[in-house]
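Look for chain A in each of the two complexes below; its partner is chain B in the first and chain C in the second.
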Partner chain A sequence: MSSKGSDLTKRKESVLTPRIEQETLLQELKDKIQRSAFDMRKFLEDEQTILVLIKTTEMISELRTSALSPKNYFELYSFLLNELRNVESYLDEQVKTGLSAQELYKVVQFTGQVIPRLYLLITAGSVLINTEEVPIKDILQDLNKMCRGIQHPTRGIFLRYYLTQMVKDKLPDITTQNSEMHGTVEDSINFIISNFIEMNKLWIRMQHQTPFGNLSEIGKKYVHTMLGKERTELGMLVGTNLSRLAQLEGVTVEIYSQNVLPLILHQIIDCNDKIAQEYLFVVMIQAFPDEFHLETLETLLKSLEELNPNVDIKEILQELMQRLVIYFKTNRAAENQEHKIFTTFSDSISRISQKKVLKQTDLLIILRCLLQIGFSLNLNRIDYVDYVFQSAFRLLNNEIIKQDDSNVVTQMIQEVIQSYNNVIVLIEIESFPHLTNLLPLAEQRKIANNLIENVLKSQTIIEEIEKLQRFFNLIQILLNHPINQNDLQFDSDFQKEQSALCKVIHFFYSDDIEKYFLIFQLLIKELNGTGKVRMKNYIFPLIFSGLKLAQKMRENERNKSEFSISFNQLFDSISTILENLINFFPEVAFKLFLQTAQAANKCRLEKVAYEMMLKAITIYGDVFSLRETQFKMLFSIISTLFTLNYIGNEYFSFLAVQCAIHSKKLVQPIHQAKAICCCSRFFYLQDSLIPTNSLENSQNQKRSIQFHDDKKLVGCLSKAIRIASSSIEFPVSLESLFEILDVCLIFFETQKTNINIEYINTLIELIIQVKEKNQSQPQVLFPQNSLVFINQMIRKFIKKKKGEKKEIYLEINFQKLKKTFN
Partner chain B sequence: MSSKKQKKFISLIFDNFENLQKKEISDKKKKKELPIFSDGETISGTVIIDQKHNKKQIIEKIQIQFIGQIRMLYEKGTTHDFIKITKNLNEKNKIEIHQEYTFNFQNCQMKYESYHGINAKLDYLIRVIIQKQSKTDTQDFKIWVNNIKKAPKKNDSIKMEVGIPNSLDMRIGIEKSKFHLLDVVLGEVSYLKVKIRLKYMEVSIIKREVTGTGTIIYTESETLTKFEIMDGSVVKGEKIPIRFFLESLNITPTYQNIDNKFSVNYYLNIVLVDEENRRYFKECEIYFFRNSLDSKNKKTLFSKSFFEFSQK
Partner chain C sequence: MVFVLIIGDFHIPHRTYDVPTRFKKLLVPGKIEIILSTGNLTNKETREYLTTLASDIHVVKGDFDDDNLNLPENDVVVIDGIKFGLVHGHDVIPWGDHDSLGVIQRKLGVDILIHGHTHEFSAFESEGKIFINPGSVTGAYSGFTEDVVPSFVLMDIQKEKIITYVYKLKNGELEVNKLFFSRPKTKESDENFD
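For the complex of A and B:
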């Protein structure tokens, strides 16, 4: 081969010019086309075919430029396209009136320049197809082959784009006439695919054929970036082929999988170009129907693995999977297909994951898509979820380092929670806790809270111990994450989550005692020892759970069921929990001991109830006897004791005395008087005499044991009177005395105690004395409400003289009392 | 050519002129149509002598000659007659004012074709010679000879592997090496290795006329067309089609050593131009033969005029 240095025909070769120059140049070229087009249209009207062709050649010649960016070239092309369409329809008309289309097809090939020649050839080819003189297959093949003359990427792509545009509506399909001239849909497929292959080759070549010229390094880099960008824009033209292919009716799923897809994939894989592979794969997925992808899923996924390692497979997989998810929403996969689809995806993902070409976050995103596929296929297959979680767990290799990763995992888990909306199902997912545990604390808490919310919302009752254990495994974080004590007040989330947790505990029970006991033990195991701060919250639901169990046991006892566990065991457990609590939260322990005592009483566990009361009293003695709330506390004990109707006399007496002793130790005399007066009632205890306010919780219970200790009764009342008259200031002392009198009258009415007529009258005298003694001190103001109270009492007493037992009141001088206070 | 309109002293009418194929040539800037004959054909016609406007002269002898001659333009007027047949038209001395003579050259040997080249011209003519007492009048009537050849039995394809060491390797394939004049050159250029950036590729047809003998040899090369077949920088593995319609060219068959005077050969030249405007080319000879007379398959006005433009 010889070479000569000089050349006369110098062509301006491209170096990307600045934007303004580009625009100027584009305008210039447009103007030139415009001028030729003007002449062309004139000849067109005069039907001077030769001149029309000559002017058309002139116009097309402007497409030979190398100086325009792809975007501007596109504009120039579009500008020209309008004119070329006019020429085409003109030639079409000419052929109808006698011009030989075959002659035309030949003659345009005389053109010396390759670009105008091929544009004209395509135009003539389009006209020739219309005549049906030559088999369309031959024309298409010929055009395809001749277009190889353009090896310049941009110019070649546009030429071939013109080709697709011109023959677009002429391609044979199964809906079109089938004959030798018209061709078959296979002809169309072959044509489009080979055109696609050629366009793609040119497109890829753009990346490697940069007109660097004498650019500096920075300049080269700039050009490279610009080209990459503009190249991506040209991808659309390449993708047109795939869209057109998909539009062919004749491309059935069989033809697609056997003839079309292998060719497309081969080309995409073979080109080994990142941009092309990414773009075309997505276009292919978008262009063809989802049914096709399902049919060819395995091939499709395997080919993904063969792509250039730099390709973002994630984007492609995501596109495919998300489309299928939507598809499955309206088109259920056949049952026998479901599993195959899922495993095809999962196998592929696992292979991709092993290759380590994808970033961890991307793999997680894909797993999330797989999860959605699983959902859309069959929500009942929790093994799918389990698979995804396990995969994610293995992938993360026991730790999460990046925020992105944890976000994806969290989303994934939350989607699972939302999709099932049923904790009973969720806890079956073995790998759920493993995966959750890898998340940062905040995310773990969020998920645990979601689960709890779910139980609350759906009112799901968990009775199986295994399930409950699993549930606790899932929400473990809430029970043990570190708490910043100082910040606790501000951590409203913590309060919210703990109160939700407390609520949820109420959903763990069973009507089966054995099961319930196991649940209760589990609750103790899980909750006890979670620390002071948490225990303060959990203790109530925990103890109430125990008490509810006790109640259920009692109910079942009536049905004569037998259980392997005893009440004592149960109450022992409760008691142990409470004792551990005394040091931290005595008040809570105190209240709960009282509650437990009542419960034990209901269960007719005399001794247990007694012990619980004793514990409450001990706490009171140790902790509360010096507090301001002591009176209220003591009254809780007293009123509880009234309800314990199954406690035998011996225990009862002891507890009552304890109450009385503590009453005397109260700080304020008025409280002492009230409490002792109240205690007095323990010592003559009959059904009718139990104070109504303490009966609230034990409406239907009758005290089975009668208790009467007259000595202690009189002792209490006398002590109360003494305190009221001597230690309490006037006029409050009067109120106290009236109250005591009221109580005394109760015992008096029974006529079975030592509170006799003398005792009553003495007390009345004492009241009058106290009144009169203090009346001499005018500075003491008698408060109106005291007076009202006293007058009410007096009216009540006087009424008794007319009541059922009026005969015993004959010798009691209420009138004098009335007189004194008038 | 006949001279019916303008009464000339000597004119000639070929038999069946209207039905003969014609060749249009330009002779001294005038367009003429010549009848086309082929080797072995009989040339017959009528010579008309018209003395109406001339003084009546005594004509001693009228002869008619069939001549094949070659003229080398650089030899200034020297002609080499490679064939000459002479016949007497009149035996008597007497001649009328208007006299017609029929002539007939049986089965003329015309193995060379008429050719008008740059340095060489090959013509066939019918010469009428009228010898008078005082002077001799001669008049030449050209004919055009085209010889149809059968397609050669052996017509090898052209296969060439060419390149530049380490940077270019290509294979040129042309379906055949011998073409008739309205044939299409079909082929393909396959690139096996491309390490240079090419700008375009074109094919051209070169006509080479070699005249003279011995030490004096004149070679005239003429590029008949440049036909771009590829635009842009090609890469390895690509195959670029060649399709070139010879119809669009004015060519003659290949002439090999005509009467030891001249040869006309044609070459296909493949030219590559790289981005630095360096040219690389590969030439190979192709042979043309005639399988039909020129005017058969005459180009339509349509294609011809488009061609003329497209070659600009």
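For the complex of A and C:
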């Protein structure tokens, strides 16, 4: 035994020693206890009770030390506890075989030092309780009173802890016998609460101990912090009282709310200690069942508001709310209760936020918990979600949300989106767009894209105008966020985002014409001002939305359903949009004017169709005349004109002539020839749209008005022939001529035009001449595919001689052609 | 047995949002060896969708296709000894006219001409050559055809014959028709040619 060790044990002042000294001291004390324990056990076996008691006293004496930190003291206590339990068992047995428990109880009070005296008293008291010779209530009260003798925080707390551990299983409850000796659960309640209060006081006082001698301010502060952590952990000892209390069956919800809770809360609030309040409140929430909390919710929350301003209420509230969320998953609240529960929470949160004790982030976290509560109570109550969003919005004071907060808000919003998973429901949340507007740009885009994805996946049609407006409010950011260089890349996220938006527009329509028209106008309003880059994408679904509406109106008209929108209103809107597009995207405007012309035609609006064609032709003339794609544009105009079967002859012939005129101006002769040849077909329209042998959809294409201008017809064909034979290079010229011959034969077959036998035969002669003139130059090779093409055409012509109309072909000289090219 | 998917006129996202779900379930990778698409997809996303179905893909340019896709105006593909021609059809004047289609077929020198644009399925034979229009797979709006029915074609090329499966969605109900063609003769016979 070193002298150093004995020096330490003799020290009486409350001075804690440095750590290494602590560990050494702890070990020494444990060794001492062990040595006494060894002897004690020998006496125990020999049943020498008095010697057992004396040795026990020796062991317990080591707990008199002030030199150990709380953690180390705990370790020492635990080490001793095992031995004390042995002693208790031993004494219990002794009592059964004759030892008087009451006498034991009296005798141990003569122990010299107060710590051993009290530990022994508690032990004896525990044994006495087992005998039921004395009312348990009295024993408990006595022990409680005695423990007040130790006011040193560390020693006192562990003493009382020993008390709780010893009587733990012996406390009366409603499940145990009801007798005078035994007592009632009320006695247990009173005992535990009293013990709890005392332990709490000691624990709090532990924090204010100033344990050191000569340290600097910084030194003191550091050690204080480190030890503070240890002391905080001891809160567990205090908390076990609450757990034990909750375990009593006799603590019903009524007794809890009327007797137990008020006392506990009173102590917690009164002690005004941050650490104690934080810890004990949470323990209380965790120890007692959730039904109890629901019953006492208002009281709980109000007392939460009375806690020390330094307390982190957020943690406590979170704990409570998260537990209740889980609770509600399996236990539905009664309908009338549900609303009360929500408002109790929301009122409390409102009061807390007004007090401004919590940081903004913490309040947002709590609002998120409130949202969860709302969900778990009743998913159908959108107003709960709206309330939370509104509160969050007000809290944020219309400022853009900073990083930490934006995560919480975004999570809230995502949870709402996922929970409902239905855009129609989501748009009913009034404050939704206000809140999202405060999020950083990237988050807003994510959320908006989420919503669009939702519509696309669920294929939800939105036809009510108010709902659609709300939807657009929610996704506004996609229509107006700034665009950078990267976004313009073909494959960027921006492009994908815009593509999804275009797709979603196809879900905005109605079978009701008036509704559909309103939708169309809303689309124009929302999309039209979004700028060049976006309009390039949006213009298509927007215009086609209008054209589909026109189609529906036509359908309704045919079915004799009435509606109040006029076709002109609609086509005026469409036309205006396209007009404004001409300067930016002339080619797109051009194509869409042609589409609009077709749509107008189907609606039997000849004037509108005519005007749309004119607009397209004008754009062609102004913009495309010198471009490579010029001939394609003209072919588009020509092919579209062919489909306009409800236009009257005056309009039609004007447009046809325009086409012919432009055809002659094409840059390449080969295109000129083809275009003019096509135009010739405009000038003979009888019964069916164009003279042809067969055509799909011929029912739809029936022309209502007959049109025949033979002069122009022949004029076009002759012009085409002239160009083909003189301006196009051989051998392509031949191919062109055969194509022209093909068309001539169509007219020839009708037998109603001036394309007669002479005309055909003259053309055949011309073809032969062209070939012979050019074939004489030996360098010119005849390409194989050209030859194949020509021979196939000849074969086709010859077949006509055996066909339905073989008579008229009798005098046509196809044989000569065959000879020439074979 | 070579399976050829003939499909086109999607018009996504200009005129509609997606291929009908009922069709998507049928269009699974594995069976299809070649895709012949008449165009008007109109964007890269749809082009990429085709790559999930098969690796040998031929698409031609429709009048609304994105320039960035760099699609050719027409295409000629030889499949199992048969020459296929592929055009969108908006420059066949007048649209859908059999004679004009015949001229193009002869110009390209093909046995089977695939064309689209009208958004209406059609299949006919003319002088031993076959002409197929798969229609619009999405049933997209057309200024030309009223009451567009979503459709596409799956061709099974066998030794002696060609079986053409036509898939249509009429009022939400799937309708499948089978058409039989004999393989077109590539060599012209000289009968009736006097």
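The rule is short, and it goes like this: the second predicted complex is superposed on the first by the 782 of 822 C-alpha atoms of A that agree within 3 Å, B and C clash if a C-alpha of one lies under 4 Å from a C-alpha of the other, contacts with A are read in each partner's own complex, and residues count from 1 in each chain.
Everything below uses one rule, namely that contacts are C-beta pairs under 8 Å (C-beta built on N, C-alpha and C of every residue); 3 or more make two chains touch, one makes a residue touch a chain.
Since the model is a prediction, treat every value here as computed from it, not as a measurement.
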| query | Which partner does A:R381 reach: the first (chain B), the second (chain C), both, or neither? | reply | neither
| query | If you stack the two complexes on chain A, which partner ends up touching A:R627: first (chain B), second (chain C), both, or neither? | reply | neither
| Looking at the overlay, what does A:G112 touch: chain B (first), chain C (second), both, or neither? | first
| With the two structures laid over each other on chain A, which partner does A:Q595 touch: chain B (first), chain C (second), both, or neither? | second
| Touching A:F507 in the superposition: chain B (first), chain C (second), both, neither? | second
| said: So in the superposed three-chain picture, is A:M146 touching just chain B, just chain C, both, or none of them (first/second/both/neither)? | reply: first
| field | Superposed model, chain A: greater residue contact from chain B or chain C | value | C
| request: Using the touch definition from the top, say if A:K302 reaches chain B (first), chain C (second), both or neither. | output: neither
| chain B/chain C common contact set on chain A | none
| said: Taking the touch rule as given, give the residues of chain A at its contact with chain C in the complex, in rising order. | reply: 456, 490-491, 496, 499-500, 502-504, 506-507, 537, 540-541, 544, 547-548, 551, 591, 595, 597-599, 601-602, 632, 635-636, 638-639, 642-643, 678, 681, 689-690, 692-697, 700, 735, 739, 742, 746, 785, 788-789, 791-793, 795-796, 798-799, 802, 818
| said: Can you tell me which positions in chain B touch chain A when the two form their complex? | reply: 162-164, 168, 197-200, 225-235, 238-241, 243, 245, 247-248, 273, 275, 277-282, 300, 302-303, 305-307, 309-312
| chain A partner contacts - residues on chain C that touch it in the complex | 12-18, 43-45, 63-64, 68, 90-99, 102-103, 106-107, 109, 118, 120, 122, 124, 127, 133, 141, 143-146, 188, 192-194
| note | chain B partner, complex, touching residues on chain A are 1-7, 9-11, 13, 49-50, 53-54, 57, 64, 99, 103, 106-115, 117, 145-146, 148-153, 155-156, 205, 209
